[in-house]
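Below are structures written as structure tokens.
Below are two complexes that have chain A in common, paired first with chain B and then with chain C.
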Partner chain A sequence: MHIPDGFLDGSVAATMAVPAVAAVAYGVRRAGRTLDDSKVPLLGVTAAFIFAVQMLNFPVAGGTSGHLMGGALAAVLLGPWLACIVMAVVVAGQAFVFADGGITALGANIFNMGVVGALGVGLAMVLARRILPANRTVFLSVAGVGAWASVMLGALLASAQLGLSGTVPFATVLPAMLGVHALIGIGEAVITVAALSAVLATRPDLIDGAGFGPLSTAPLTPAAEVAS
Partner chain B sequence: MTRMPVVVFTVLALALAVGLATAVSPYASPQPDGLERVAGDTGFLEEGGLHAVQEDSPIPDYAFPGIADERLATGVAGFVGTLGIFLVGYGIAWGLRRTRGAEGATAP
Partner chain C sequence: MSGSHDHAGGGPVGDLTSRVHRLDPRAKIVGLVAVTLVGVSTPISAWEVWVACGLVLAAVAAAGRVPARVIWVRARVVLPLVIVVAAFIPFFRGGEVVASLGPLDVSREGLEVLGSVAAKATIGTVSAVLLGATTSVPAIIRGLETMRVPRLLTLIAAFMYRYLFVIAEELRRMRSALASRAYRPRTALQAAALGRMATALFLRTFSRGERIYLAMLARGYSGRMPRLDPLRLARADAVFVGLILLTLLPLRVIS
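Showing the complex of A and B:
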């Protein structure tokens, strides 16, 4: 869902940079309080994994492919704000080194593919923790459904930005985008749940999970403690 | 049960990521992705283009320059890119990490 330059009107692209920069800046600010030494390699490897799996386009219906976005996965692993940093690293790297996704559209791409999924799934995890039992099935279900929803929300936002830019009528692009991304989102959910299952099987205590602490033997995570 | 050390976990996860990007990405679907497909179907694909700074991208379109074999070029791009993103992410996290505990005597 990388928007290249030319698809968005300059003012729409610039406007989308505002929430993207704000979210990443807040993540940077929080990192000074919550990112301890043990999370440094985890942030690096989460970014690397998302970059790698984004290269693995899988076929969906009718000569179309899709790939992981990763915002949901990063949010569950590292918490929503560190996830915004991870997604900015991945999407900016793709734009500047691989010419994948535009430069003026960078804010929109970080927001659509990263920030929205990270914050949305982070919020879903917090809410689920309050009202649902803390067990593996609930945890993976929330992550999987959240991953699918993050793709749909990204598609909705991209459609709105294209519509506001006058590139294509919103009413035309929205159903097309939602239709194909409903399928791509299933891939997002499968990959997210598979990756989380692998971490649960090896080091469940490394999962931030917005306070799904009882899943592991570890005490509550720093992100849950520093909820202020 | 002894826990896998974080270093081992990181190395294994990184090895998986590098392996996927190097050995599997050359066989990924070459079809247009969702947005490209919709752009083609609804007639605005032609409006997209590269930004001026992307004309000289180091690894344009995930193909490592100077390698004729397409799959090899993609695999090398995946290898270099995944390690590069790891180093950048690690470096940024190192720069941003919590230092308050180290400066003051307030252990977390």
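Showing the complex of A and C:
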């Protein structure tokens, strides 16, 4: 889903850069007010962590494989705005260092693979806390569904951008992209839920730290009480 | 999602003392991004501009003595995506039909889209590869920092690059531990073990982040990264950017 240079029409690439830059710029300004210096190395190693786990391939039907995107995981661990920043750095690093994803498509790629997942899952978490009971099952379900949806939404956006650019016929590409990503999304959801339940069991304070409120005071598994 | 970052990795190659390698990173960023912008904004009717972009990139590669094999290995990530576009060509309706493969018609419009996407993707990817092959990542980050990219982003990028290979190596060891216990997932539903592994890795990463900050404090960190060698633009940098722009812009305007 890393869109290379030349796959997007100039106007589509420029249009997609607007929300990507806006979200990252807002995140940076917000971090300037609320983030203390000691968290900067932490964000850096988390970016390296997301970069590394994107190498985790898992099988999808028919011999193809997908890999983790990490946007939903980052959103829960860091909060939506810091996740935007970290995902933007990861995607930009892939473009500059590995030539994976075009420099001119950077806005679209950051938006599809980072901003949408980070803000979408962040918003879902906030809403869930308002209207649903705060417990482990709800938390993990929202994270899992959010992870799946973030992959599907990213695939939908990428197909729409490629279709609008006239690179591929939208009506033909959309079912193919969504079909493959429905399965990749399951992998993303399974990994995200397993990762978060393990964090809940060992370091629930980290999730509390991301601003998702009273979740860590909700009853956890017995194993968690032993471990913490 | 076909991105695989398992390949050789970035880092400068070729003659590390060449004129191109010694240029200011900002000059290389501006010059090579300009090649990409010109290439990507050119329509297929002005294909001579793509040839000129290719020649400029070849000249940069030759001046930096970047081996063709390295460019090929690093640029081929883009290949599967171009093939995917090729697979959709028959579905383009309308336009003049130039060939038929069984029930599918290949239209001129479809071929033009493929040619234009392939040319632009090649120019963009090779530009990025040459930037990475002639400039160290810390230098690129410093260049971006002096080009007014927010300091938080460049700091995160610097830490990410510093620890990427450490963490990737840790991940590799954890994967071989899983594999040696006969873990071989066949469906996406069996990916949960990867998630628990990701958590173990994240917790290690997290405590590493805390340790790094304490170590930085112990070395007198006060919120700024000290720089020993300020970046300076020299005449060679102006010549590099000037030559690229003088070659491509007039041609782009008249075609």
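We adopt the following convention: the second predicted complex is superposed on the first by the 202 of 228 C-alpha atoms of A that agree within 3 Å, B and C clash if a C-alpha of one lies under 4 Å from a C-alpha of the other, contacts with A are read in each partner's own complex, and residues count from 1 in each chain.
To be clear about the criterion, a residue touches a chain if its C-beta (ideal position, glycine included) is under 8 Å from a C-beta of that chain, and two chains touch if they have at least 3 such contacts.
Just so we're clear, the structure is a prediction, and the values are computed from it rather than from any experiment.
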Fit or clash - chain C, chain B, common chain A: clash
Contacts of A:L132 with chain B and chain C, given as first, second, both or neither: neither
First (chain B), second (chain C), both or neither touched by A:D205: first
First (chain B), second (chain C), both or neither touched by A:M69: second
Touched partner set for A:A17, first chain B, second chain C, both or neither: neither
Partner chain(s) touched by A:P4 [first = chain B, second = chain C, both, neither]: both
Partner chain(s) touched by A:M55 [first = chain B, second = chain C, both, neither]: both
Which of chain B and chain C A:L123 touches, first, second, both or neither: neither
Partner chain(s) touched by A:L156 [first = chain B, second = chain C, both, neither]: neither
Chain B versus chain C as contact partner of A:R33, first or second or both or neither: first
Clash with chain B, by chain C stretch, listed 60-68, 96-104, 186-194 or 204-212: 204-212
Contact residues common to both interfaces of chain A (with chain B and with chain C): 1-2, 4-7, 28, 31-32, 35, 37-38, 40-49, 51-53, 55-60, 66-67, 85-86, 89-90, 93, 95-100, 102-104, 167-168, 172-173, 181, 184, 202-203, 206
Chain A - residues contacting chain C, complex: 1-2, 4-7, 10, 24-25, 28, 31-32, 35, 37-38, 40-49, 51-61, 66-69, 73, 77, 85-86, 88-90, 92-104, 166-169, 172-173, 181, 183-184, 186-187, 190-196, 198-199, 202-203, 206
Residues on chain C engaged by chain A in the complex (per definition of touch): 1-7, 9-10, 33, 36-37, 39-41, 74-75, 77-78, 81, 85, 88, 91-93, 113, 116-121, 123-125, 127-129, 131-132, 137, 140, 150, 152-153, 155-164, 166-168, 170-171, 185-196, 198-203, 205-206, 208-210, 212-213, 216, 223
Parts of chain B lying in touch with chain A, wherever the complex brings them together: 3-4, 6-7, 9-10, 12-14, 16-18, 20-21, 24-25, 28-35, 37-39, 41-44, 47-51, 53-54, 57-62, 74, 77-78, 81-94, 96-101, 108
Footprint of chain B on chain A - complex, ascending: 1-7, 28, 31-49, 51-53, 55-60, 63-67, 85-86, 89-90, 93, 95-100, 102-104, 155, 158, 162, 167-168, 172-173, 176-177, 180-181, 184, 202-203, 205-206, 222
